[in-house]
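You will see two complexes here that share chain A, one where it goes with chain B and one where it goes with chain C.
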Partner chain A sequence: MTQLLVQLILSGLAMGAVYALVALGYTLIWNAVGIVNFAQGDVVMLGAFVAVGALTNMFHLPIILGLGGMLVLMAIFGVAMALLVYYPVRNAPQLSAIVATLGLSMMLQNGVVLVWGPEPLSFTGPFGNATVTLLGAKIYTQYLLILAVLVLMMVAQEGMFRFTSIGRAMRATAQDAEAARLMGIRTNRVIAIIFAYAAMLAGLAGWLVAPLFYVSSDMGGKVSLDAFAACILGGFGSIPGALIGGLVLGLIESLGAFYISSEYIDVIAFGLLFAVLIFRPEGIFGEPQMERP
Partner chain B sequence: MRKFQVEQRENGWARPFFALSVCAALLATPGAAASAQDSSKAPIPIGLSASLTSQFAQNGKWMRQGVELAVKEINAAGGIKGRPVKLYVEDDQGVNPTGAINAAIKLITQDQVVAIVGPHFTPDILADEPSLAQYKVPALTGATGPVVTAKGNPYVFRVRLNDNAGAKLLVRYLTQVRHWDSIGLSYVNTAFGQGGISAVKGELEAEHIKPVLVQTHMDSTKDYTSQLLAFQKAGAKNLIIWTDDQPMGLINKQIKTLGLKFGVAGNGGLTLPNVLNLAGDATNGAYSIAEFISNNPDAGIQAWDKKYKAAYGEEPELYGSVYYDAAKLVLDAIKRAKTIDGKGVRDALAATKDFKGVVTTYSAAPTGDMVHSALITRNENSKPTVVKSVSEGGQ
Partner chain C sequence: MMSGRRLLAFLVASIIVTVAIALVLPQVLGIYYLHVVDVMLINVILALGLNMVLGFGGQISLAQSAFFGLGAYAFAIMQAHGWPAPVAAIGAVAFSGILGALLGWPVLRLRGHYLALATLAFALIVSELMVNLDMLTGGANGMMQIEGVGLAGNNQPMLYVLLAVTLVAFAGSVIFAYSPMGLRVRAFRDDLIAAQAVGLNVKAMKIGLFVASAVYGGAAGVCYCWLQGYISPDVFGWQTTFSYLSMVVVGGLGSSVGAVIGAALYTLVPEWLRFLQEAYFVMFGAVVIIVIALVPGGLAGLGARLFKRLTRARSTDARSLSEQEA
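Right, the complex of A and B next:
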């Protein structure tokens, strides 16, 4: 019995951690510029393709270099997103910016097929199919890596936000871009950095999940939707909310599919979301009143 | 007077330009072209609806390769009655009824095709069926969902074994020869998966076996841990899986990782190279019902392997082979058709008898089903091998 629970909880938390990483990206961008980046899930996919398709398969880099290289490239891509997708529509109605991100999503999905072909890629990653036995349950070592990375990222991020000037600049811009600019912070630059950071988080999520599932052009879709739901669950705009929302959603999906029904799992997960929106629309960590941009 | 003169000058270029445009338009219209040249040399248009994008883009690529090879061959041999064959390709975007309808309508109304090869997926061909009947253009599909030929639409032809027959033959083999019991069922929640698993359930019922648990998933589902553990909890010793390629690969891979010991069987996806590449040796020991595997020792198949490899540098698999045959069936029907239009080709297709293709022999039944036999295969060393041939109405 414990074996079973351990397997379900760990696989749920691992998926939840991936949702959390993507949800963080949504949250940071929303806080900074007030738009929802609907291409975030596809940035996850792009990160996976760059790390696996290009750096590992084409250039045969060792895994760590592949990861590092991908993060650098994703940061550059994030800046490009800020300059080419967000910047031109920053003064247009919010809807234009959202449609722009939808367009980016379609471009990414079809672009990867043009570059890497239609066949899904498999990736052994640092652990391959290795499993570890925890409390009698056999689980992918990769799950433990995902959770470890999430914890490390959160600690590093908190440190960055609190103790570095760039982190403080990011927080200030997120809270009130006008005031930040008046205080001498170069908000345009900071916004580009926020996009770069969000892209790195998404790429990291893609790299973490690639060994478990296949790297394919459609892998971003479900993650995108679930991470968005996680944001809403945890409170849109709240960073701890994104984290907890992601983990909770992952657990609900895993346990719900086993104990209730795999057929209705999406109904359960999104039904819960409906309930949250009706009874506590600000989410778990959100503030009851939100300033509309 | 001056105003009039200025107008003349300003419009000086407009009138000759306008006259030129009208002439060009007249020359460009098909009617003019047809009467200007010999219409018996005009190319015969046929269409291909394939998944050029989406997670099924690889399958679409294979389909296209098979069809293009057949068209190239016939054109190299002089075409049909002196007319070359022109292939129009449209993207149906995978398992996507809207994409499929758009592709079909475009092929029929814009490209004026006399027949369509594809779409491949059950939900797609189902969505196309009303348009095919309305415009009277036949389509040949490799979809195996039984409902596809159950509606009495005379414009739909099936070039693979109907799942009703296929699932039955597979289940019969598993229960009677391999003595399977304690069976769990897993299927993708589309018309294809639902039809397939319903046929499996029907045959199990006929043999008085009740599945221990039935579960479903979507094409986008990635994590099957909960479902597999649920099967284990329910006491399943064997699983019959009816699903699309990526889920098939993932389910098998995760069974292996979780250390679960299930006997596995399912639809032909288990024999495809993309599933084998992804799942590796996790599918070893799995049984499947399929039409084509490349390491079939049959001399005809070996010759086909060589031809396909020479053209594309890779071994043929199910999609390339079946749709090569489908294209050849269309071309053969066009040859026999009384009139080279949708209705004429359809009537010729319906009269197809014992047409020897690469994969199998095709004979059209009144329902539109053209294939009545298949192979039971078993995966060994990450490759499918033939266990036995089976046919409808037999063992």
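Right, the complex of A and C next:
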């Protein structure tokens, strides 16, 4: 009984960690430039394709070099995204900017099919099907890797935000871009760096989930939605909120799928989310900002 | 502010254009392109409906795909239970409208992203139920051999039917924008507190907008059944809701003409880009980004500005903005 519970909780937390990484990308971009980048889930998919399809399958790089190379390429892609998608629409109304990111999402989903074909790719990952035994339960090593990476990334990110000048510039830009620019921060450069960092986080998430699922062009849609839901659950724009929102959503999905119904799990998870919104419109950690009906 | 006479002239012009389309298109277009136009008209109805809540009311709704599906499934199920087509059609549209009210009421307090997610969650739940309630909906296979009005697959007569429905939907949207109610709705979109201060019942209007968009979506769903004769859940999947959002935004938020332009381009441009073969959706995504970068306010706003420059509009007061909203 406890074995099963441990398994469910760890697999839920691992999926939640992936949502959290993507949700962080949403949050950072939202805080910096005030748009929701709905292509973030497809950036996850792109990262998985670059790492698995190009670097591992085509060039036969060792896994760790494949990961490193992918992160570099994703950073470049993030800068390109800032220059070619965000920058041209920066003065457009918010909703138009969102639709531009949907255009990007369409480009990415169909672009990878052009390059890698319609067949999904499989990836064994660093551990293959290896398991470890924890409290008597067999756990995929990959789940533990995902959780370890999330913890590591959060510590590194917190360090970067607190102790490096670029991290401080990122926080300043997120708080008030106008004031940051007046203080001599090159906000355009910082925004490009934020996009690069968000794309790296998404690529990392793609690399981490690739061994759990096939790498396919439509894997981004549901990840986008779940990560967006995680942001809302935690209160939009809050970094700890995105983290906890992601983990909570992962747990709900994992436990709900087993104990209630795997067919109806999305109905349950999003029904619950709908209910949370109705009774607490600002999310769990958000500032109250509701509208009088 | 559009005068009553101009409204009338505009509506008469719309009727003339519609009749001209009905007369000319079947002569010049093959059977395939007539079908494309039929699909386009259904998209126009959906975009007009979404524009009601999103453009006029400023409330982000990502539920349009759900209302589309609810209308289609309700019609197909009612007809399968022996209801005559007109009764089933009215029943399906009413059902969709009631669900619009049931969605609009609880989300009254939400705004921005929170409203976007709540409505998206609704779309996701509806699309999952279409797949999972297979006793009722035929599951992933959908429903086949829907009798409709006996015109399924018959693209030319369906063109006339769809043109008529689209014309009514378009006129409804234009008249609504012109009516005092339309002005009140735009008032609360532009300044909620001021609108409440002058005593507008914002709550009822918001629910009404959701009902209106659901009625349009439901009508589009019924038309889809008539056109195709079969339905499957992937047509109404939650991801498709973003296409309707793109149509309205690219066309121009808050403009009935814009919704028509947006839906038309969204359906036709992929057809024109088909020579690019597999690359065409990549190009299409790029086109969407470029259009938004060049004309952030949407194509209808651009058209209205050009028209103004050409005709040297006399009125310069702030109210003239609302002419874009015709």
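To be clear about the criterion, the second predicted complex is superposed on the first by the 288 of 293 C-alpha atoms of A that agree within 3 Å, B and C clash if a C-alpha of one lies under 4 Å from a C-alpha of the other, contacts with A are read in each partner's own complex, and residues count from 1 in each chain.
Keep this in mind: contacts are C-beta pairs under 8 Å (C-beta built on N, C-alpha and C of every residue); 3 or more make two chains touch, one makes a residue touch a chain.
Keep in mind it's a predicted model, so treat the numbers as computed, not measured.
Trainee: Overlaying on chain A: chain B and chain C, fit or clash?
Mentor: Superposition result for chain B and chain C: clash.
Trainee: Comparing chain C with chain B, which touches more residues belonging to chain A?
Mentor: Larger number of chain A residues touched: C.
Trainee: For A:V151 in the superposed arrangement: first (chain B), second (chain C), both or neither?
Mentor: neither
Trainee: One more residue to check, A:A97. First (chain B), second (chain C), both or neither?
Mentor: It touches chain C, and chain B stays clear.
Trainee: Examine A:L4 and indicate which partner it touches, taking first as chain B and second as chain C; both and neither are also allowed.
Mentor: A:L4 contacts chain B only, not chain C.
Trainee: If you stack the two complexes on chain A, which partner ends up touching A:L65: first (chain B), second (chain C), both, or neither?
Mentor: neither
Trainee: Going by the contact rule set out at the top, does A:I76 touch chain B (first), chain C (second), both, or neither?
Mentor: A:I76: touches no partner chain.
Trainee: Considering only touches as defined above, state whether A:G221 meets chain B (first), chain C (second), both or neither.
Mentor: Once the two structures are laid over each other on A, A:G221 reaches both partners.
Trainee: I'd like to know which partner A:E263 touches here: chain B for first, chain C for second, both or neither.
Mentor: The answer is both, since A:E263 touches chain B and chain C.
Trainee: Touching A:V113 in the superposition: chain B (first), chain C (second), both, neither?
Mentor: In the superposition, A:V113 contacts both chain B and chain C.
Trainee: Could you tell me which stretches of chain A are touched by chain B in one complex and by chain C in the other?
Mentor: Residues common to the chain A contacts of chain C and of chain B are 109-110, 113, 221, 263, 266, listed in rising order.
Trainee: Tell me, which parts of chain A touch chain C in their complex?
Mentor: 36, 38, 84-85, 88-89, 91-93, 95-100, 102-111, 113-114, 221, 225, 228-229, 231-232, 236, 263-264, 266-267, 270-271, 273-274, 277-278, 281-283, 289-293
Trainee: Would you tell me which residues of chain B are touching chain A in their complex?
Mentor: Residues 53-58, 60-61, 189, 215-218, 220-223, 225-227, 229-230, 233, 246, 249-250, 253, 256-259, 274, 277-278, 280.
Trainee: Touching residues of chain C toward chain A in the complex: what are they?
Mentor: Residues 54, 60, 106-114, 117-118, 120-122, 124-125, 128-129, 132, 192, 196, 202-203, 206, 238-239, 242, 245-246, 249-250, 253, 278-279, 281-282, 284-290, 292-293, 296-298 of chain C touch chain A in their complex.
Trainee: What residues on chain A touch chain B, complex-wise?
Mentor: Listed in rising order, the residues are 4, 7-8, 11, 15, 109-110, 113, 117-120, 122, 129, 131, 138, 140, 209, 212-214, 216-219, 221-222, 253-258, 262-263, 266.
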